[in-house]
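In what follows, structures are represented as structure tokens.
Both complexes shown next keep subunit A, but they swap its partner, so subunit B is in the first and subunit C is in the second.
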Partner chain A sequence: MSTLQENTLPVRQQATRPAAQRWLTPVVIVYIALVALLVVGSVLVGLRGEVLLDQGGILNILTRATALGLVAIGQTMVILTGSLDLSVAYLVGLTSLIAAETMAGRDGMVVPGVLLALAVAAGVGLVNGLVITVLKANAFIATLGVALILRGYLEENYTGPAGDVPRGFQHLGYDRIGPVPVAALLMLAVAVLSWWYLSRTRSGYHMYAVGGDIEVARLSGLPTRRIIVTAHVLCSVAAGLTGIYLASRLGSGAPYVGTDAGYDLESIAAVVLGGTLLAGGRGGVAGTIGGVLILATLDTIFDDLEVDPFFKDVVRGVVLVTAVALYARRMSANRTRGRLT
Partner chain B sequence: MTPGIATSVRLTGITKSFLGVPVLRGVDLELRGGEVHAVMGENGAGKSTLLKVLAGVHRPDGGTIEVDGAEVSFASPTDAQRAGIAIIHQEFTLLPHRSVAENVYLGREPVRRMQVDRRRMVADTRELLNWLGEDGIDPADNVSSLSVAQRQVVEIVKALSTDARVLGMDEPTAALADHEVELLYDLVRRLRERGIAILYVSHRMREVFDLSDRITVLKDGRFVTCAPTGELTSEDLVRHMVGRDLGEYYPDRAVPDDLGRVRLALRGAGNDRVRDLNIEVRAGEIVGLAGLQGSGRSAVARAVFGVEPFTRGLLEVDGVAQRVTRPRTAVRLGIALVTEDRKGDGLALRQSVRDNTLLVRRAALRGARSRARSDVPALLDVVTVVARGEHQEVRYLSGGNQQKVVLAKWLAVEPRVLVVDEPTRGIDVGAKRAVHEILRDLARRGVAVLMISSELPELIGMSDRILVMHDGALAGELPAGASEGAVMALATGHGVGEVA
Partner chain C sequence: MTWRPRLAEGTAPVLVVLLLLLIGLAIAGPAYDEPSGYLALLKRAAPLMILAIGQYFVIVSGGFDLSVGALVTAGVVIAARLIDGSESATAWVILLVLGFGLLVGLVNGLVTTKLLVPSFIVTLGMLLVLDGAIFLWTGGAPRGALSAGFRMFGRGAVDVPVLGEVPWSVLILLAILVAAALFMRGGTGRALVAVGDNEAAVRLSGGQVDRLRLLAFVLSGLLAAVAAILLGGFAGVSAQVGNGLEFRAITAVVLGGVLLGGGRGSVVAAAAGALSLEALFTLLNLLGVSGALESAVQGVIIIVAVAYASLGSGVRQRLRLWPKQRNVARPAQPASS
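Right after this comes the complex of A and B.
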């Protein structure tokens, strides 16, 4: 898997890379693409006599980006360590229910509700991590299995929304400063914290190492299992935060909020769009947030233009494939450069 | 011997099996501070495994390890590091997407106020690099942008940064060019003077005799002998390792009658790494391509094979101009390339020995020829691969045996033009002899061979003509049997044209 993206393209004829290309990292490309998308989108929406980035438009984009952003931040960590988590979507539903049911409309139960939801999320992450590291199950299969277990539980016990979030707690979902939702700012704060964690702390460094080459990590004396488990716990906690946020927006818990929005595959798409290698070892949260914003903006533009859902998916697919191909090309160029000096 | 921190390590009766197959069967080794102790043996003799046991990577099944007289047991490489033991492994252990400093301090990053102290990490790495005289490497650079030789330097820096008192080096010069080998010698001697104990695994006789104080020989996982270097001759060593005598000779060179048509010709060929190449290689001929690391030797190999194609000039195969822009085209034309980086370019590590051997044949030939596989045992035999069977995964083979599988893979498609880039890197004396004979044999059967090797005696011993590169262009041509001095003069940009 680790060489998949590097090798699928023929090694390109070596062009002397101008210095200008060095700073053109995937992260930079993502944000350039985001700006381009906003410009193109504004023009298209403008042709219909509407405005893309008015108060409502900004609010719409940021609201969409909040929930997906939280899930994708967690997904970034597991993907960086060379793993994957397909159970996040059901976990979002489950934690929204746990939070809302524990609160049951009482202001005093907000903190216990939040803590319980996060604890359960952490537990699920622990299970994911242990199944992958101790039982040595493939991450794809292991987390799919856990997803199925969660689904079974949800289908058995719930038919629709349940629990009740006190009015005070709903402020989290709806308060805003100008066009900017408070929750979006909180999501960005989580993003900044994760960025710091990944790029500045030892644990973060070690996640890159494990994802880059687990054998090298092992030979360098890193506790590889513990690192992978940690990534999974953090990923699940991020999904838990999403569940809590959505409960506050909906006023109750809903078993399928996560799956209806497709947060499992959507979050992986955002991570990859943000320039993180699906094989691990390279990338980061900054790119992921860019990817999330692109997906959210696309959706908002499509809504404004009232295009049909099928076409919408086609465009998203094209964007994703283009991005990955672009990054792979740049990587193979880098690789060749490194080989023969 | 030398004053200072004289550490000693004693391994006694070490045994280790993988899946029931014994690899080490009772090895004894004693290592003192301030000595260079060489370990020699054939491919698969268990040298790397022994080092990994010492490094805490593998747990021995039996036997004891003592450091300064106290018995120790290592559960992980970190334990070994704490006891002052660091190993430079045979395979590269660097993360390509991370910086040099991040690699050097991997697992031991200095922390300040909860954050990795990046400034200190970079400064310390720079200091170590300077100490080695390698200021060309920027600690902030990504490892993927470094050459193979520079990566080796980073590996050494990584081991030194642990303040190791015992340093194991598993074929550290395998990837280095001659002048870099000199630097490494220097470095090893300096470390010895500081009282560090060095365990040195190498297949290169000259190196072992130049550097080591004592030599231990292993064969089939057993301890054969240990003696001071001065008391051994290279013939003794070979006899201990291989179990028979092998004289110091190369197969006979081609005589003019052996030479056939021009199989590979470059006419004014170039791309952005190399320029103005005029090269002819005839059927039956082995042409050596010499030059320093970075002179463009490998770039020629890769261009001929279509990996980074020529953008100017002509490439002719058997007199017909061809556009080789992809390896697949090259293979179809009968061009083969044995790359210098066997793990990266040469092998599918998780596949079996047989699948690897048949890789090119299946991919590039058509019809029944692509499906033939009955000759695999014979091919593996020709290159003397020691594996548990055709179905063993390649990643579990010893380093030298992996190299042999790469060769077998190309023999399987019977090439017309064979380009070999460092074909004997990391393989033992016996196998090296075998590879030399294979190459000469192929030439006799009409193959045109272009050979790159950083080992000058080998290059000179094997070549019918030697082309020397300097800075991306040909610096001159030398006849068979030219002196090392003449080659080096051209390679370093002195000497012009024909020097005999």
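Right after this comes the complex of A and C.
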């Protein structure tokens, strides 16, 4: 499971740092960076005589953050257990189609559509988890394989958008309270729920334990297989929620809505940006949401500045690597002092 | 000293798979009755095999290189833009593309080893940066054209005494493969595998861990640039030429029985994995399987291959194909590798 574990932390002598850094966890850094980004962005956009954080701006940021946020919450759980999921992008497309086709414009079919989409998502997660735990395939390859299978299914059966979402269900995608979309609030509710699950329940703790060291977890009597499968099921359900949300926004299902947005790698980027260790065992949902908000804010700022959209990718890449380099530096400093926080 | 040729661990299954696929090709397609058909297959597979060899170096030393697909696109687009049809520019543009690959690999390696960022993230960032930069530079649609001299490597052939017409790309591939196999037999190559197996042990025994990993990334970048030159000649200029190649190369390496996470596997097997993948696509085409199902089949196959490799010994013992006589003298095996 720990294939992404790269012991890139050699023992190095490093000057001890002030104790004030103890509270400066990655989560805090992420939110400080977010605030700084908002300030800098506001100034830059202000120079053009516009306002970044007006109603439209906030709406834009939160709308962007909703879909990616849901996927990234799920991704956080699998990454915490030392796994990862590359199949989420196709799963988002698949669930949006299932939801929209089941509903087929009828109000009465909303609940069955949602439930069916979530059930299929959970099934895909179960397959992911079982392939990893029972067949002992590396998570990278297992989920890549499942992603390819889903892609084959989508390409075989769909050429474009399909299905129809009833008008009533579109409220989920478009209703808002002031500048805050309802869906963003629901996403945050899911985030809070996941935070509670990961940091306040026994099975949440188990995920950290498995990600930290699967052998130790196993020898301590934890059902490691079940824990990894659970993480994958939860991750896929989160991707299913994203698909349902996007179906409600688009009014129909779209096979490539997930891959066009690159949710597989993008969600991993958001999780890692939020300070979660790619090798697992450390991090959390709070940081992930910060990472998602940073990516969404960057996009919105660039849109307002009318920057070439491809420049966004360049900046995104640089930001990602810089952030992780920063965390790695702090961690190696902590290690040399023998503190494992 | 008696030298007995032996297969590296995990090499045998991929060779069996490759053999089955080639037999399948011979049955399914009339084009594969004579050597020229297989030569064409090898020519088509050459870029992916070269990418897989580069990816092998990184994977066996415990990393990932997700940037090779974007690097291939960048190489092709840069070459097309700079050559712009003029024959005289070919030589220095080829050098420039190779240098660019080297540079990207160097940056990947330096960020991984010096800034301690996991290579998955570094190369993912590099993928984003390269993709964005290419589009920024070309405005979405690549301009310019490759010269005939540049395209020769991808599509041209050369007369070899005994074999007749052999494509350039096959010769380049063979040269790289032989060089890689020799390199992995040498001290540096063995140290590279050791880094992937147990980095701390190598460090404690005085190995230059950082330098070795840097070397792996530089080789991967360089070979991606070579693949770009071949693909540019073979497939032509487009901004999608490298799409998804990184996953395909990783799939090929894993299919070759190389352990993700490093420390196990042979470079020849990785190249054989790439050839198997290409043969599989060809076979599916011949059998009339639609392009859509192709990826589904690919998905199933890599899961099965990896599951077989990691369940490996357990399954084999249960199937009793090779009863426990591993340390007992075995009957002489035909020499092959």
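For this structure, a couple of remarks:
Keep in mind that, in the parts below, the second predicted complex is superposed on the first by the 323 of 341 C-alpha atoms of A that agree within 3 Å, B and C clash if a C-alpha of one lies under 4 Å from a C-alpha of the other, contacts with A are read in each partner's own complex, and residues count from 1 in each chain.
Keep in mind that, in the parts below, contacts are C-beta pairs under 8 Å (C-beta built on N, C-alpha and C of every residue); 3 or more make two chains touch, one makes a residue touch a chain.
Small disclaimer: the values here were computed from a predicted structure and weren't measured.
Once chain A of one complex is fitted onto chain A of the other, the partner contacts of A:73 are absent, as it touches neither subunit B nor subunit C.
Residue contacts after overlaying the shared chain place A:222 against subunit B, while subunit C stays out of touching range. With both structures placed on the common chain, the touch criterion links A:149 to subunit C but leaves subunit B unconnected.
In the superposition on chain A, A:308 makes contact with subunit C only, while subunit B stays out of contact range. When both complexes are overlaid on chain A, the residue A:209 reaches subunit B alone and has no touch with subunit C.
In the superposed pair of complexes, A:29 makes contact with neither subunit B nor subunit C.
Subunit A is touched at more residues by one of its partners, and among subunit B and subunit C that partner is C.
After overlaying the two complexes on the shared chain, residue contacts for A:268 are found with subunit C alone; subunit B is out of touch.
Overlap of the subunit B and subunit C interfaces on subunit A: residues 10. Residues of subunit B touching subunit A in their complex: 55-57, 76-78, 81, 89, 93-98, 102, 106-107, 109, 111, 114-116, 118, 142-148, 150, 271-273, 294, 298-299, 302, 307-309, 311, 325-326, 341.
Interface residues of subunit C facing subunit A in the complex, by the touch rule stated above, are 62-64, 66, 111-113, 115-122, 124-129, 131-136, 140, 199-200, 203, 209, 247, 250-251, 254, 260-261, 290-300, 302-303, 306-307, 310-311. Partner subunit C is touched in their complex by these residues of subunit A: 2-10, 131, 135-138, 140-142, 144-153, 155-156, 265, 268-269, 272, 278-279, 308, 310-318, 320-321, 324-325, 328-329, 332. The touching residues of subunit A, when paired with subunit B in their complex, are 10-11, 13-16, 200-202, 205-206, 208-209, 212-213, 215-222, 277, 281-282, 334-341.
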